[in-house]
Each structure stands twice: as C-alpha cells, then as structure tokens.
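There are two complexes below, and they share subunit A, which is joined by subunit B in the first and by subunit C in the second.
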Partner chain A sequence: MTAPEDLRAGLRGAGVALQVGPFVVRLRSRLDRVERALALFYDRQLLPPEQTAFADFHITLARASGLHWLWRPQARFFLDGRSPFRPLPLAHAYPLFEWGLNWCIAQHAHDFLMIHAAVLERDGQALVMPGEPGAGKSTLTAALTLSGWRLLSDEFALLALKSGKLVALPRPVSLKNAAIDLIRERYPQAVIGPASHDTSKGTVAHLRPTDTSIERMQAPARPAWLVFPRFTPGGRDQLQPLAPAEALQRLIGASFNYSVVGGAGFEAAADLIEQSACMQLEYADLDVTLGLLNGLREGGP
Partner chain B sequence: MALPRPLRSGVSLTASEAPLELISLPPGHVRVWGDSVALYDSRCGETHVLQPPLTDIFCALRQGPMTPAAVFEYLEQRYDATEEELENAMQAGLSQLREHYLICDPADSRDA
Partner chain C sequence: MNAQLTLTRLVTILRDPGAVRDLSLADWDLLVRLARVASLEGRLQAVIKAAGVLSEVPPAPRRHLDAACTLADRQHTMLRWEVARIHEALAGAGIPVLLLKGGAYVMAGLPCAPGRQFSDLDVMVPQPQLQTAEQHLFVHGWVCEGYDAYDQTYYRRWMHELPPLTHMRRKSVLDVHHTILPPTARLRPDPQKLWSAAVPLDGFPGLHVLAPTDMVLHSATHLFHDGELENGLRDLVDLDALLRHFAERDPGFWEQLTARAFEMDLARPLYYALRYGREFLATPVPDSVYVRLAPARPAAPLRAVMDALFRRGLRPHHWSCDGPLSGTARWWLYVRSHYLRMPLRLLLPHLVRKAIKERRAGKREQPEP
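Showing the complex of A and B:
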C-alpha cells in the first residue's frame, strides 16, 4: 500500500507506475482529482519504484494552458509529451485518463485482437460481451462482477493472437447515468467514485474492481461464451443462439484493430467463435438476465 | 467425344468449359460453419461470409479445379431445383466469386 504522501510526491515528480493488465503505465499529474481517483481505484496496482524502469505508456494529465483556464479550467492528456486530444473540463480529468488510456492501448497493442467488449470469468471460462454504447455492457458487467464473476475488462477485450486466450485488463467499470444509482442501491458493498456530469456520455462514475479481479489479473481465461447484449426496456429477457458466421461479422464490427492485425485477427476471432457458445441477449430486467447468464455455467440455456 | 451438357434451350457450356480454380487460401483462413463459410483474403484484407448456394460452389471448387459443368453436377446432387434455376444460381455464384477474385481461370493464368 502506498502512503498518500508518497502517491502525491510520485505523481508530481517522476510519475507513478501502474500495472494495468499486461501494460505498465507511468502517470504524472498535479491534479488533485486525478490523485484522489488513483488512490481510490488503482492503489492495488501501484508498482514499487524499483520495478518501474520500463513503462509501455508515459502519460501526463495537466491543466490546459491559456487564459481561459481562469474561468473554464480544463485538463489535457499527454502521451510521450504530445497531446492527441482536445482538452476537457477539469472536472472530467479522471474520465479523460481512462479514455486516453483506451486510445493508447488501441493504437499500440497489436499483439491482441482488441474488441469493444466486456469480459468476465468464472471457473476459468470467459464470457465475452461485445456491444455498442448503450447496449448495457457496463451495467451487466458491474452486476456480474459484484456477484462473483471476475472482471477482466469492462469495455476493452484483449484476445491474445498467439494463445487465443483473453488477457485481463482490469480497470474501473464506467457506469453511466441511471446505472450509477441502480448499482449503488443493489450492491451496498460497491465502491463507486464521484460522478462526472455533462461528459460526452452523460454522467459517468466508476466502480472499483473487486479484489479478486486485481489479484488474478495476470491469469488469462479461455473463451466459453460470446454474448451480444441489447438493452430492450420493457422487452422480454432472452438468450438466443446466434449463427457463427453472424457472430463473426458482429465481432469484427466491434474490433478496434481487425484491419491492422490481418489474418492473425481472423484466425483469433474464428477460433474464439469455435470455442464459444454464440448468443444474442435481449435484456430488460437485470435479475432475470443475471439468472440467464449465471445459468450458462450450468450448461444453459 | 461427349457433347457439352445442355443446360436449357439454346444454352450450352461449350464456351466456359475451362476449369475454374479457387485462389490458394491458408487452411486457417477458411472456416466452414454449417451452411456458411467464412474466409479471409490476405491479399486485400477482406473477410467474406458465403451463404448457400455460394457455399456449395466454394466447397466444390475447394476439392480442386472444376469445369462449370462439373460444378453444375455437384449442385444438381444437392438441390431439388430446375436446371434453369440451378444454372442461374451457379452463374450468379461464380460471378460473385470472380468479383471478389476468389476464383481464377487456369487459362487466364497461362495467358498472364
């Protein structure tokens, strides 16, 4: 455990190193809200200074310069000293870190087929849930991880091209809008950080990953279920089989780097489909849907 | 000498008897899933999903170079359809495979 004063000194000095799945991230920032978020969400992933000679990504979060910082303070994201994005309001500095880290990984980690998908594991078997924003992935992910599944990823699946296994990238689950109170009320043990309002995704608050998810982050999982969720308010909760070819097309559509990794990406995606039960999920009621997904482990539906 | 197989009134395969051949694809880049075939063409980076009857034409040609007449016979064994329907389906399928450069005509290869 890193003492608060050490965290602050590290962030304001040479940076602190975080083990985020297979990546080491070195982060520097003088922003208090980033420091607080790091203490809340990443305290278990801070690496001791003697282990931090190498980092995959060197990130800085800083106040944007310019006169307008006086009446509209902003935060800017830097990778290797260059800022690839427009600044965001200072209040969104921590979400900016998470979104920026997504960008860093998506631009560089081509040892993996990267998929916009949640990944959870139980008994060594992985449930992969690709989906568009609004499909309900994060709500399902939060509910599953708070009820015994291990979190590998909220929205960024890493499928290793060589091994065909899913590699964990455990980071805080990004809850949006109504899902924040829903999860808070259902799971009193959930540790949810402060909300950031008026982001491009509405109100966003992050859920701290469970201890098991962090302790076992170096353990990959083999794919067992590929489920495409769709939130259908007022609809009927159901899991239906999906043809492999249709599943492949949807999986490719959800990938960040399929066109970059070429044939190896096709083989990894096709292998995942052949090893998984492919389904589409329509869900309206969280309890019913959790029952359906937990039933997968018993061989259902 | 065998006569070209008549397909329908006024149509024969005489002009297209040259065998057709699939492009070479690594085994891992072709997946047969029930009625569907998914394949990856590394020359252009495209992924194709084939559905019947295109799947059958592809699977027929996967056995080796085949004349259109032989492909027709292959389809005839699998579909309960009129000759005209089969021929139209076969020609449409071959056109699609040609459009995506998934088949090559050995005669063309020799000319090149």
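Showing the complex of A and C:
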C-alpha cells in the first residue's frame, strides 16, 4: 500500500508504476485530478518503485503548454515524450489517460489478438461480449461485475495468441450518460468516480473494479461464451444462437490488430469460436438480461 | 539516466548481439524506447534472433521486440503484394521498374531486410515513360490525392518524383521517381547509368534493383543530401549492413564503389556515409578508401560544421539523446537539405508558400485517441 503523499511525490517525480493486467505503466503527472483518479481506481495496482525496473508504457499527463491555459486549460497525453493526440480539456485528463492507454496497448501488444469486447469470468469460464459503442456493453459489464462476475476487461479483450486464453486487463469500467445513475441506484456498493461532462462520448464516469477482479488479475480465463449484445429499447430480452461462421466474421471485425497478426490471429479467433457457445443477445431490460446471462451453462444458454 | 550509454548499447547490440547478456531490466527499459523511436525495434529483434540469443532477452522487453517484428513481417508481406501488383500494372506495358530502398532490400533478400520497418514503397521508372507509367498505375487503382494544384506543379516541374500515389482501396502509398535527386539539385547523377547497371529481380521480368555500388550510393545520397533525418540512424544501419555484405562477397567492391561514386558525382555523400558509418557503427572501411575519396572530402572548416550537425542530427530523435543544440542542428540540416535540392531563387518562394500553408492547415495531429 502506498501512502497518499508517496503517490503524489511519485507522480511528480520519477513516476508511479502500475500493474495493469499484463502491462506495467509508468505514469507521471502534476495534475491533481489525475492523482485523485489514481488514488480512487488504481490504489491496489501500485508497484513498489524499486522493484519495477522495466515499464511497458511511459506515460505523462501534463497541462498543455501555450497561453490559452488562462482561459481554456487543457491536458496533453505523452507517450515517452511524444504526444500522439490533440489535447483535451483539463477536466477530461483522467479519461484521456484511459483512452491514451488503450491507444498504447493497441499499437504495441501484438502478442495478443486485441478485440473491442468486454470479458467477464465465472468459475474459470469467460464470457466475451464484443459490441459497438451504444450496444450497452459497459452497462452490462458493470452490472455483471457488481453481481459476482470477475472483470477481465470492459472494452479491450486480450486473446493470447500462444495460449488461446483471455488475459485480464481490469480497468475502471467506463459508464456513459444514463448508465451512470442506473448503476449507482441499483448497486449501492458501486464506487463511481466523478463524472466528466461533454466528452466525445457524452458524460463519462468510471466504476472502480471489484477487489476480486484486481486480486485475480494474473489469472487468465478459458473462453466459454461469445455473446454479441444489442440494446433494443422496448424489445424482448432474448439469447439466440449464432452460426459459428458469422460469429467468427463479427469477432474478427471487432479486432483492432487482426490485419497485423495475420494467420495467428485467425487461428486464435477460430479456436475461441470452437470453444464457445456463440449467441446474439437482444437486451431491453437489465434484470431479465442479467437473468439470461447468469443462467448461462457450459456449452450453451 | 545515461543516454549516451543507451545509444552506445543499441549500436553495440546491432553489431554484437551477444551483448544482450550484459543488460539489466533497467537498461532494457530505455533501450526498447530508443530503438522504437529510431525505427530499429524490429531490426534489433531480427539481429538478436539471427544470433540465437533471443532467449537471453527477458520476457518483458522481448514482448516489445517480438511485436515490432510481427509488425515488420506484416509490412514485408504487404510490400511483396504491392510489388507484385506494380509488376502486374507496368510489366505488360513494357515499362521497366527499379525498386529502391526498403522495397529493394526485402525483394532482393539483403541482410538489412529482416525486421526492417518502413511505410512507403519507392520505385523508379525511366523518365520518358513516367507519364505512361502513371496512367497504367492509375488504371490499376493508384491515384494522386490530397495534393493541390501548387503541390502538383511543384512535384512535376521540380522534383525527381511524382506526387505520392495512394491506392484507392488498399491505401498503400507509392513514390514513383525518375531519378534519385531533383533535377535542380547541385549533384547530377545520370539515371541512365543506374539503369545500365541495374540487376534484374528473379521471378519478376522487368523489375530490377540497383547494382550493389549504386544501391550504396543511392542510400548514402538519400540520407546525406536529400532526406529528412527522422530515421537517420536506421538508414545508417542499412548502409552499414549493405557495405559489410557487399564487401564480403566481392573483394573488389570498395574500389568499384569509390570509382562509381566519382563517375556518378556522388562522392561527397559517400564520404559522409563512410565517415559517420565508421563513427556510429564502426563500419569496417579500409583506409585506402578514404585516401581515394580525399578529393571529395569537404575542407576542414566545413567538415567541422558537418560533424557538429550530423553527430547530433543522426542520433535518434528521442529526448534521451537530445542535447541543448539538437533542435538547432536538425533545423540547419533541414535547411541544408532544401538548399541542396534547388537554387535559392526557387527555394525561397517555395518555403514561404509551404510555411503559410502549414500554418493554415494547423498541426497535423490525430484528433483524439
């Protein structure tokens, strides 16, 4: 455990090291809101600095330079001294860290097939839910992880090319707009950070991962269910089987680096399909859908 | 952190991969980043792997080296595909094609190819057939987009290449040259001589790579007289590998190289390539070569200036390598490369226009993660 003053000194000095799934991130920042977010979300993942000689990503979040900090303060993301994106308003410094870290991983982690998908685990078996923004993935993920599932990832599935297993990348779940209050009301135990308004995704607030998710971060999971959710307000909640060929095509379509890893990526995706029951989920009512997902048995719905 | 030491380590490992055994995790922490910025990460992996010492690299840094190699392999696969498509487009029309730089290294299987990262493909076609080549490439999907009327005129009138072509569907970028330096440049190598000595590429009738001496000269010219130095060290590493390879296969290579350099009017860039190759990478250049290149050597005061510029400019553009004068050196080298390209009466109006346009367009950055 790191004391708050150590965290502050670390962030402002040589950087603090965080274990984020299979990656070590070294983060430096003088921004108070980054420090607060770190204390809230990453306190269990701080590594002792003297034992962390190697980091995968060296990230700095800083105030953007230039005179306009007077009337429009902005935060800039740096990976090893280079800034790959435009700055965002200072108030969005923490979401900028999360998005920037996604970018870092997507650019470099080609030992995985990386998929835009949520991953949760129960009894060693993983539920993979790829989905486009707006499919309700994050809300479902938050609800599932708060009702006993282990969080492996909110939107960034790592399928190890060598082992075919899903590797955990537990990060705060990014809740958007109405989902923030919905989760807060239903799960009083949920720890949700301050909201950032008017981001490119609307209002965003992050849910702190459960203790189990962090404690078991190093344990991979075997794929068991592949579910493509679609939020259909006013519709009927139902799970329908999906043909493996179509599931494979959609899984590949949701991958960030399929074109880079080539054949190995195809093999890994095909293995995942073979091991999983593939389904399509229409979801309207959170309770009914949670019932459906909690009722998943090995080999089928 | 000891930055000079890390650069030395990178260079040492490229030459003697066994040196990875001596590295601590903290050494790797900076080394991986330096190699990445220098576009040498994939190359580093390939060299370490070829020497059979990949298992000596700890898993954490190794993941990054392997990923860079995966990326490079992918680029090579796509490059081979692009080359085959270019062959398809131009061979039937009887237009010969010379592959340049990275494309040539990969297709000719040269020792600097494994793990080499690159983005664009560069080719050369004979000047009289340039227009026909562009038409045939257009029919096969390569179009020139994103360049306004001024850019178009600038390229077509003053440059040694067409404006970059982009494939409509694959979005791959192709640079089509007709010679190796702009016609307005101070040095005037004769492209006809390059064609006469070109080596046909097996399996692709009509496709060629430059003869060994010309390949070295082109690489040196590109680095020291034309290009930007963003990947300067990487290009020097290419040159080093080419020189070692050709000199080992042909004992007469060094003599042919110097003779050809004078014949092609490219002795000065060769001099720089050998000077800084020896300095940065200990390229084994026989002393007799320097003696023969003496007439091309800049006078002592100029040499001191160039040393000051290139010793800074050739280092990876990474904060750990930057000294107080690095930015200034890079700026002067940028000005120099333009000055060597065209006379001032053409250059100044061009740079002014370019500056205004870039200011208007704002910084080119990705909008958001």
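Heads up, the rule we're going with is that the second predicted complex is superposed on the first by the 297 of 301 C-alpha atoms of A that agree within 3 Å, B and C clash if a C-alpha of one lies under 4 Å from a C-alpha of the other, contacts with A are read in each partner's own complex, and residues count from 1 in each chain.
As a working rule, a residue touches a chain if its C-beta (ideal position, glycine included) is under 8 Å from a C-beta of that chain, and two chains touch if they have at least 3 such contacts.
Quick caveat, the model's predicted, so the values are computed rather than measured.
Once chain A of one complex is fitted onto chain A of the other, the partner contacts of A:Asp80 are limited to subunit C, with no touch recorded for subunit B. By the touch criterion defined above, A:Asp56 reaches subunit C but does not reach subunit B. When the two complexes are overlaid on their common chain A, residue A:Asn102 makes contact with subunit C while staying clear of subunit B.
Residue contacts after overlaying the shared chain place A:Ser259 against subunit B and subunit C alike. Residue contacts after overlaying the shared chain place A:Glu267 against subunit B, while subunit C stays out of touching range.
Contacts of A:Ala245 after superposition on the shared chain: subunit B is touched, whereas subunit C is not. Once the two complexes are laid over each other on the shared chain, residue contacts for A:Arg216 go to neither subunit B nor subunit C.
On subunit A, the patch touched by subunit B and the patch touched by subunit C overlap at residues 259, 262.
Taken together, the subunit A residues at the contact with subunit C in this complex read 24, 53-56, 58, 77, 80-86, 88, 96, 99-100, 102-103, 108-111, 200, 259-262. The touching residues of subunit C, when paired with subunit A in their complex, are 24-26, 28-29, 33, 36-37, 58, 60-61, 63-64, 66-67, 70-71, 74, 77, 318-319, 365-369.
Within the complex formed with subunit B, the residues of subunit A that make contact are 243-245, 248-249, 252, 259, 262-263, 266-267, 270, 273-274.
In the complex of the two chains, the subunit B residues touching subunit A come out as 26, 28-29, 31, 33-34, 36-38, 40, 42, 45, 47, 49, 51.
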